[in-house]
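There are two complexes below, and they share chain A, which is joined by chain B in the first and by chain C in the second.
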Partner chain A sequence: MSRLSYFVRRTAITVGLIFLVASALFFFFRAMPGDYSSLLIQQGMNPEQIAQLRADWGLDEPIYVQYYEYITNLLTGNAGQSFRFSQPVWELVAPRILNSFVLVAPAITATYIVGGLFGAYIGRRRGSPLEKSGIISVSVFHSIPDFFLGIMLIALFSSTLGIFPTSGMLSPATMLQVQDQAYWQRFLLPEFWRHYTLPFMTVLLYFMQYPTLIMRNSVVEVSDQEYLHYHRLKGLPESKLLRKIIRHASLPVITLYPISLAASISGLVLIEVVFNWPGIGQLLVSSVLARDFPVIQFVFLIAATWVIIGNFLVDLLYGVLDPRVSVAGDED
Partner chain B sequence: MSIADKVHAYRNSDLAIIARRALENLLEERITRVAFVILAIILLMGLIGPAIAPYSYNTQQTTDDGDLMRYAEPSLEHPLGTNDRGEDVLSRLLYGARATLITGLLAGGLMMTIGLTVGMTAGYVGGRTESFLMRFVDFMYGIPFIPFAIVLITFFGAGFYTTVAILGLVLWRFIARVIRSQVLQINQRPYIMAARATGASTPWIMRKHILPNIANMAALFFAMGVGLAILEQAGLSFIGVTDPFTPTWGIMIRNANQAGRIAEAWWWTFPPGIMIALTVLSLYLLGRGYEGSSDDEVVV
Partner chain C sequence: MTDPILEFEDVDIRYRTEKGNDVHAVNDASFSINRHDYFGLVGESGCGKSTIADAIVGGLDANGEVTSGTIRYKGEEIQDYSEKEFNRNVRWKEISVIPQSSMNSLDPVMKLSNQAVEMAKYHTDLTKTEAVDRLRELFEVVGLSESRIHDYPHQFSGGMQQRAIIAFALYLRPSLIIADEPTTALDVIMQDQIIDYINGLKDDWDISMLMITHDISVVFENCDSMAVMHGGQVAETGSVVDVFDRPRHPYAILLQNAFPDVRFPDRELAVIDGHPPQLRGEVDFCTFADRCPWAKPECREGAPDPQAVAGDDDHQAWCIRADEMEELAADHLDRNATEESILEGER
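Let's look at the complex of A and B:
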């Protein structure tokens, strides 16, 4: 199979999977006891109004018509109305996707850079007390639940020392000031960065374990190879040797990076809740407590899409970075 | 067969020998010995915790004057103080050990059962069955766990066993993948081929030749699964989508955070978090011990 047809096939599978998740969500939420109108009855409407509403929303149509409507609406970017905020779901979710991304992408990237370098460093000092304590300390940070790590940081840096604010992305006063400006301008304020520090540190400490241990294993493995003995015999200084080793050892870490970025959406929910960060995870949790189904449905779709596209990019990356990876697909 | 014979036969069975040898290897390293002791203490807490707890987990403590003891600092009567409702924190911690361990062990057991079955079947049977099962595992990997659990719990309600079931039914995916690759390796060994050549049946080969070889690894993944289940359950409790009336450690952290006194009432916030971290870390170190004794790869 050629590279192009592999790419086309993987793209088709990815699109198919997203479509499958969207469909599953539709039928799942339709199978719920009662439908959306039952939520409105509680708000004190008379039967005529409810009947009118059901007709407006197309709830009287057969299920396949509703499904068709749902899919075409999704494709045109219409994800329905939020019950809680009475505004289009897409308008509600879009800025929050950006907020989540601004938090998670730099934090995971920094985790991989710091963890990778640390892993290489301790990998070269195999058997030393430093290696042992290094491995144990990254494991300790990964054993503490991420939200509890956040709580500990808040208790230390916000409540006790008062260096950083406890929660949110901007203080309410600043929020009012920046309302009329372009959205990206708020990311330039020093106040934003003060709010940013603690969630960033939480992600960094919690996720450090993967890149550190994988880099350490990979460096240990590469260090045993013969061409490195040759370089050492040649008299190459340790710093240059390390650079060579890192270049050869980093492939597993690089391929893991997008997987972590995709998978972090799950841990991100908790970190966003602890720091009250206005991202999609925090929106999901508050929507569940308010039973705002259109938002739950759409945010879950976004989260699943995030993971599916992440895995898709990993597959492509594997193919580019390591030519040995079979493009036939089904065999590992 | 007398009972003594049965015991003797059991002691000499494959699995018992493997387990004994693994345990000996495990206890060679100091760090795994420490982990082992910590786990034993935590298990003991789960077993007899509610019996030795000084108070009931939901009795509101009052002073001699009859006032509610809210946010009492640690004292001899209340070694870990009291919380916002005047409940004794140490008692809640001891009761919480049982609920947390039950969640971890049940969900971990469920994860291992499904993961082992799927992984072994895929690895041994191969062909269409394998590619179907592994595509399914890929699909499971596409599920962002916390959001998925939140959606499911919105439907099925926040029950204690609902949470256990969701944990077990989703998180088995990593076990299936590793067990399959392990079985694929074992399949290539000469004694499996020899057994097959002499006409041994599939169930026999699986039980007699494959299972003993992956037993260590299965135990390792059970330990990691229990740790993962406890972590994720704490996360779900923290968000507020689990049964709020069962005093797990996660619920305790949630309550402390909700009360907004994480730094002031440190005796309430920190013990449950530290207990979770200790449990998960010890399980992880035990798992690492299995691998560490054989080669120098560190388990991630």
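Let's look at the complex of A and C:
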């Protein structure tokens, strides 16, 4: 099988998976107890009004018709209407995705860079006090629930020291000012960065454990490999050996990075809630509380899609980084 | 008369450890390898064989160090060379290595051609194309198809990787090759091929070899002279014929009797009691004393000095009772043989 047909096949599987997830979400939500439209129905409505409402939303159609509508709408970029805001779901979700991305992508990236380097550093100093305290501290930060870590940081840096604001992305006044400007212009405001620091730190501290421990183990393992000893015998200088160790050892960390990033973009619900960050996680929580099903359903779909695409990218990336992972039957 | 290419003189090698009780991996080791000779170094796991190999090419782990003694290559002391000097003058150009476990020694994410280019970069002024061409020639020499030089190691079988490793060892036309267990991971047929091949190098390439192994038969078949090591000390050294016919160190005697011999198929195999010693702290005793049937209190009071074996050239045993060993061993092994056969009868 050539690389191209592997790519095509892998892409088809990815698309199929996303379709399956979309279908499963549709049927799960309709299989749930309670009426799908319960948010719309208000006290004092008479049966005719309710029937009218259900017809308006298409909920009186047989389920396969609803399913067909749902899928064709999704394909044309229509994710439905929010019950709560009577606004297209996509319009509601899109800016939230952007807000989440702005927080999570740099934070997770920084986590993997800092954690990877730190893990490599302590991996090279196996058995040292620094290694032991390093492992313990990253584990402690990951053992604390992330929302509690956030609250502690707020207590320390906002309430006690007063250095950073407690929550939000911008103060409400500034928010009104920048509303009509291009999104990136808020990055120019120092105020944005002061709001940004604490949630960023929370993500960094909480997620440091994965890359640090994986990199540390990986460095320890690679350092003992025969091929490294052979490189040393051949006279490669220490700096070059170190680069080779990092090159080999970072493979598992690089694999984890896109998956972790994809899972986090929609998954940092509690951190967003604690810091009142207007991201997709926060939207999810408020929508669940309001039983705004179309929004919840779509956010879940987005979350699953990120993870599926993340895995897909890892598969492709791995084939490039490690020649041993070849496409099945890819012998010449 | 003798023309040594590599000499070890009273070499000590230590590994520093965190808690300060260093591992004295090699103690007072002395032997010499003559030009154009194949020299076998045998001993059990952990006796310091591979440490010696690493020390010769300056490849000791970061915490290892030659603490005293001299290593001379063609008369030059090389143990204090800087990395740079060593790379420019000795490593791979004069002394190259066939490493232990060839199957895992090639970098799995580099094409073989790139590994050659990388090696050339640190030792020569060859251009990339020249470096690849040279590997191509050597692939032909070791019997690999030259169309495969751009392959990755995992695309090779174990035997092919071994050949590639030999091609790398010959890459800069060295005078001395250190083969650290060159055949351990291979099946017997491949072992035989590789050993034949290595033997062929002697005349074709005018090479001397230090062959490190725990397989005495490999040494017996292929080497001119040898050393036996135990617990970081050289126990006995001499020509292969001398050491086999007139062993004078108890370990060499027992080791020889622990291997089956086609000439005496019915002989009982000797068992060497005890365990390899821990080499933490100062080693100022014979490390074989605790396992030796003939140990005397003096054996534990100082490291033994080499005793020349009368009548042989360059045959030495590091045992204070070397002179009496022949008789002692004859008695002991006879008695042992009868004991064993009584046990056999009861079963």
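Quick note on the criterion: the second predicted complex is superposed on the first by the 287 of 332 C-alpha atoms of A that agree within 3 Å, B and C clash if a C-alpha of one lies under 4 Å from a C-alpha of the other, contacts with A are read in each partner's own complex, and residues count from 1 in each chain.
Throughout what follows, a contact is a pair of C-beta atoms (placed from the backbone, for glycine too) under 8 Å apart; a residue touches a chain by one contact, two chains touch by 3 or more.
All of these numbers come straight from a predicted model, not from anything done at the bench.
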| request: In the overlay, answer first, second, both or neither for which of chain B and chain C A:I308 touches. | output: first
### Task
Using the touch definition from the top, say if A:I144 reaches chain B (first), chain C (second), both or neither.
first
**Message:** Is A:L289 touching anything from chain B or chain C once the two structures are fitted on A? First, second, both or neither.
**Reply:** first
Kindly classify A:R243 by the partners it touches after superposition: chain B alone (first), chain C alone (second), both, or neither? neither
### Task
Examine A:H231 and indicate which partner it touches, taking first as chain B and second as chain C; both and neither are also allowed.
second
Considering only touches as defined above, state whether A:R125 meets chain B (first), chain C (second), both or neither.
-> neither
Q) Between chain B (first) and chain C (second), which does A:R3 come into contact with in this model arrangement: first, second, both, or neither? A) neither
Larger residue footprint on chain A, choosing between chain B and chain C, goes to B
Dual-contact residues of chain A (chain B, chain C) none
Per the touch rule above, chain C residues touching chain A in the complex are 18, 54, 57-59, 83, 86-87, 91-92, 97, 99-101, 104-109, 118-119, 122-123, 152, 154-155, 168
The answer for chain B against chain A in the complex is residues 31, 131, 138-139, 141-148, 150-151, 153-155, 181, 227, 231, 234-235, 238-241, 250, 253, 257, 262-264, 266, 269-270, 273, 276-278, 280-281, 284-285, 288, 296-300
The chain A residues in contact with chain C across the complex are 127, 225-227, 229-237, 244, 247-248, 321-324, 331
In the complex, chain A touches chain B at residues 17, 21, 28, 32, 126, 135-136, 139-140, 142-148, 151-152, 154-156, 158-160, 209-210, 213-214, 216-217, 220, 263, 265-267, 269-270, 273-274, 281, 284-285, 288-289, 291, 296, 299-300, 303-304, 306-308, 311, 330, 332
